[in-house]
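Each of the two complexes below includes chain A, the first together with chain B, the second together with chain C.
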Partner chain A sequence: MADPGTTLQGRLASVLPRPHLDRHERGHVVAAVAVLVVSLLVLPSVLSLYWVDSLIQVAVYSVVALGLGLLVGRVGMFSLGQVAILAIGSWTAARLDYATTLPFPVILLIAGGVAGVFGVLVGLPALRLSGLDLALITLMLAGAVTIVLQNTNFPNGGHGFTGYTSSPFGNPPIRRPSIASTDPAYLRYAVIVALLMFLLVLWHLRSKPGRAWATIRQSEAAAMASGVNITLYKIWAFALASFITGVIGAVLAASATQLYITPFQTANSIELMAVVLMGGVFTVWGALIAALLLELLPSIFDIWNLSPFLLLILFGVGVIQVLSTAPTGIAGQLPKDLARLGRAIASLAARAGGGRNAAGPTPAGGPGPAIAVPEQDPVGTAP
Partner chain B sequence: MPSWQDFEPFIVTGIAAGAVYAVSGVGMVVLYRTTGVLNLAFGAIGALGALICWSLINTVHAPDWLSYLVCIAVGGLVTLLYGMVIGPALAARDPLVKATATIGLALILLGAMSWIWSNNANARSLTLTSDTWTFRLGSVLVNWTQIIALIFAVVVAVGTGIFLRKTKLGTVMRALANDREISATLGVPVRRVEAAAWLGSGLISGVAGLILADQVALDATTLTFLVISALAATVIGRLRSLTLTFFGGIVIGLVDALGNPITSIAPYKDMTPFILAVAALLFLSRRGGAAARARRVA
Partner chain C sequence: MIEIENLTVRFGGVTSLDGVTVTLESKLCGLIGPNGAGKTTFFNVLSGFVSPASGTITAFGTDLLKLAHYKRARWGLRRTFQTEQAIEGLSIFDNVAIVWENTNRGRSSRERDVLGAIEFVGLGVDPKSRVGTLGAHERRLVEMARAVVGSPRVVLLDEPAAGLPEEETKHLGSLIRRIPDETGALVILADHDMDLVSACCTTTMVLDFGQVVTVGPTAEVLRDERVVSAYLGATESA
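So, the complex of A and B:
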């Protein structure tokens, strides 16, 4: 089979397998290691509990965003029901926590598996549907799951599989892994689980499924012609995205020791879509940016006494802006803008230096030549 | 099993609620058929109109009829503004992208509404004048808001159908839906025709917001997400058929309301739109080819 990747656009080149990491990729690896070192070694020990709790949420939602980014950016399927999948993972984990003494990693895997099965169930009708229909169906699924949660005493705190304590304070706490019972330790645990999920997705993207998804996203007809099993890989994408969302849902369940219905509303699914698009769906960094927008920004707004509703407005503006002018989101746009700024400063400095040398013949002595007007905009030509 | 008597009042409320879903659905389908935009902010726009209307009545003490008109006008203007500012930038994009962009509008409006009308959210309610005009139908008390909702739904569905088929503007709208580029080449004033579609759909959203605020609740979040029920109606109509959308809306409202007296179903009755829409999608996509192709052309 001919490598379908050779005909794809440049921005998808990063998913193609290459024997060595190029300079660009090495930069990404260095940045990733830096983020990990800081979030594993530095942040848990220096930050107050308020920020540690915030960062646990960031770790959780970076994986949720990664799953949605995978569906939107790699396969072109817009799901508006990811938070429903997260709720299923969390719920499964909470019930297993109450009912069994299984070790925590096993609970993570089971929660991921259950969510994955639900993901496939959603994905099956998706095979027949156009993109817009799929978005509508998943949006309605999110609405339906919200209703189920509202009417089943979610999350049924109490002992056993079906135990229920009517007092909200009477629920036994959801158990955490014994090595990570304190909040800072749990942050490290959450970061490591998130890292494993990122690696799982990256491994997929750099191997056969990644190439298949890239082809499907470009053109289903072309993918079919080059022998890609569209059905299999679409389902696979749904299963993978749901699996990682379910696993991290289990981490979410134990993070607050109690589950509440608040983070699993339809509105949350829609906000998630907004921040994922804003973060950028074409690189995995976008998922981290999305999580920071969704979970860290509210904490910052809270401290600054800004209305949380301002965030909604910001996200709304962000979505429209991303869709109309900057499809790569912040993860794609920021490096470009920084490079542009760097070049502007460099040319300004060069002009200023040149201006001083040539200042002699300027009669008025004004700063005329030092006012740099960028002659051309080199954005887009840079790698 | 509850007796027939228990169901009777819910038939009326069901049809009334269904009528509003139908109106909303038809409003969305009209816009989708002409501009390719599925406006997911339809509910949020209606909610904004209704909240402004509430403020006019309760703080400025404006006359009721004037406030209602302002509500409808706000719906039209906000939609028109979005269509004129953002619409052209996305005109050539996939319907999915256009629909997602309207999520942005919904979030902006939802944020703004929650911010402005944040205090004592539960105490707020909008009661239309027509609520006080009532009559008995059998054993059930019916108010005129419910009748108006149904009449309005029928008028909009039938009227839009005739408008699209018989008038010049309607024909041009259909041409635009078919192929934007070719219509422009043939001298169709694309922007102006699209503006008309946005305005029309927006006015409908204003009316829907007014009736929903009265029938359901005057709450920004609730009204914004009621769009999901109306979406189910549009899905049943395959985003094309005004008639199917209309009946889809009525059926959703009716089934939803009739779940009330049955205690085992009642808590889950709000899942009706989802279940009906999924069933419709799976059924219709199974029959598939021709319908799907027709939709792609539109």
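So, the complex of A and C:
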């Protein structure tokens, strides 16, 4: 009001340091560092090989889920072909591994690049299709890839690009990087690759593409009016999601030293969509939760001798729950529910304390907080 | 200056714009007409959301119909929407920045331009707050900042005051009047609020059933019998 120049400068100063994090974001960074420290330093050395192998799969599928979450949550494109993209990444890496002596990181990049190109090809129909139509087209891609893999003796390996061994047990193992030949070391390697992929996506989300995607998701008309090249950014989203999926597919290829067709069945794409929706598509934490549901839960069920079909029922119920009442998934709902629980406990404790010493030191009057809880709830859930 | 010749838009059997020919020279033009007259279709053709069956649009010497929609924004065409479209998930700053970074071709400062636009519309809120937390008036202002950031040449405002109380409409009106001087852009304001249109616009164009009823100085147009009957649907004075 007084002098627009000074207020402008003041605001400039408050906005200019873009990498500056607010309290909320700092919380996320602390949590992410904690997850990393535990999974890099603690878990590989204390867990048995059974759990180490499970966690390698969690690291792999967290990136696959991140890619799908990017498409669904940020751009609003439902793709059921991500497992096919993963298969393409794994297969490319496996063949490169048999045929060349390229360093492992180079194989990761090439696998990502090949998967990225396929992703763009899938993304092309996405320019004209959306919703159910896009889901069906991508599902057919997944089906086609499965058929191709089955008819090209997919899990089979052998030397060279086209090498073939008649006995499935005679395949040479897919080589791992020399610094990560043991399982615990490979878990660390997988976590670091996954971390790099998460950072790549986060960097996108915080810059120009992320803002363009947010605009496209809300309204394509508003995006057009803002000068956003919708075609370019939709293709870009598919390319990025497929690139990270391809890179992590290479990690998957070397994780078990042999590739099997089981993880690349068409139906797995649907299961993946279910856990991604359950985990939550609006934050990157959802991807980690989805991977835990998809890869760690089966191991736990296995140990407890529970039927794996129970998992499918659980995922089905979970998806219904997400679609009907909790669109933000576990990653969005859990903090809200925990906060609500915390407030409820606090108000109960306050009431109990108030009851015990008649006029206790509790500043807020007796029933106040208990009523305030539901009233405060709708804040921030504006449509 | 915008020259439109013989512009026709059809949706199946419905003709939404029927041979519209008009030259808009004033920097503040009003666009009025009853519901369904073709106002929003007119804006949609200009923005590139709808392709016309025939006709030409020349704005400041550029054939707009030859440009893809996102390139029109880059050229300097901006608009707001009848149902306001501020982007929920982004901060105020990012809402304005998204337009700037997709339309800017020069070397001007992103921060200064974006904050300048927010300052211009008089949003007294922290630019880092999320749009989801704002009220209707503030969201309209965010949209207005999106429409003026950078170097706009033509700004289309589609019922910007819809649903706003009188006081806030007045504030919006004073903003609209300042747009040509501040940015050099030509403003076309479509609204049902005649007070707002006559307060802002020197020239006004009236559409009814997709045809231009009349165009001219706002005060004269608003007194025109054909305009009154178009609005009231009455023929008593005819």
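In the analysis below, the second predicted complex is superposed on the first by the 339 of 383 C-alpha atoms of A that agree within 3 Å, B and C clash if a C-alpha of one lies under 4 Å from a C-alpha of the other, contacts with A are read in each partner's own complex, and residues count from 1 in each chain.
Following the convention adopted for this analysis, a residue touches a chain if its C-beta (ideal position, glycine included) is under 8 Å from a C-beta of that chain, and two chains touch if they have at least 3 such contacts.
Worth saying up front: this structure is predicted, and the values here are computed from it rather than measured.
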{"item": "Which superposed partner A:211 touches (first chain B, second chain C, both, neither)", "value": "second"}
{"item": "Chain B versus chain C as contact partner of A:219, first or second or both or neither", "value": "second"}
{"item": "Winner by number of chain A residues touched, once chain B and chain C are compared", "value": "B"}
{"item": "First, second, both or neither for A:53, with chain B first and chain C second", "value": "neither"}
{"item": "Partner chain in contact with A:228 - chain B first, chain C second, else both or neither", "value": "second"}
{"item": "Which superposed partner A:129 touches (first chain B, second chain C, both, neither)", "value": "first"}
{"item": "Partner chain in contact with A:295 - chain B first, chain C second, else both or neither", "value": "neither"}
{"item": "Touched partner set for A:151, first chain B, second chain C, both or neither", "value": "first"}
{"item": "Partner chain in contact with A:309 - chain B first, chain C second, else both or neither", "value": "first"}
{"item": "Partner chain in contact with A:183 - chain B first, chain C second, else both or neither", "value": "neither"}
{"item": "Residues of chain A contacting chain B in one complex and chain C in the other", "value": "none"}
{"item": "Of chain C, residues touching chain A in the complex", "value": "47-49, 69-71, 73-74, 78-79, 81, 85, 87-90, 93-94, 97-99, 101-103, 111-112, 115-116, 118-119, 126-128, 132-133, 146"}
{"item": "List of chain A residues in touch with chain B within their complex", "value": "78, 125, 128-133, 135-137, 139-141, 143-144, 147-148, 150-151, 266-267, 270-271, 273-274, 277, 307, 309-320, 323-325"}
{"item": "Chain A-touching residues of chain B, taken from the complex the two chains share", "value": "38, 86, 89-90, 93-97, 99-101, 103-112, 114-115, 118, 221, 225, 228, 231-232, 235, 239, 267-268, 270-271, 273-275, 277-278, 281-282, 285-286, 288, 292, 295-296"}
{"item": "Residues of chain A defined as touching chain C within the complex", "value": "4, 7-8, 11-12, 14-16, 22, 208, 211-212, 214-215, 217-219, 221-222, 224-230, 380, 382"}
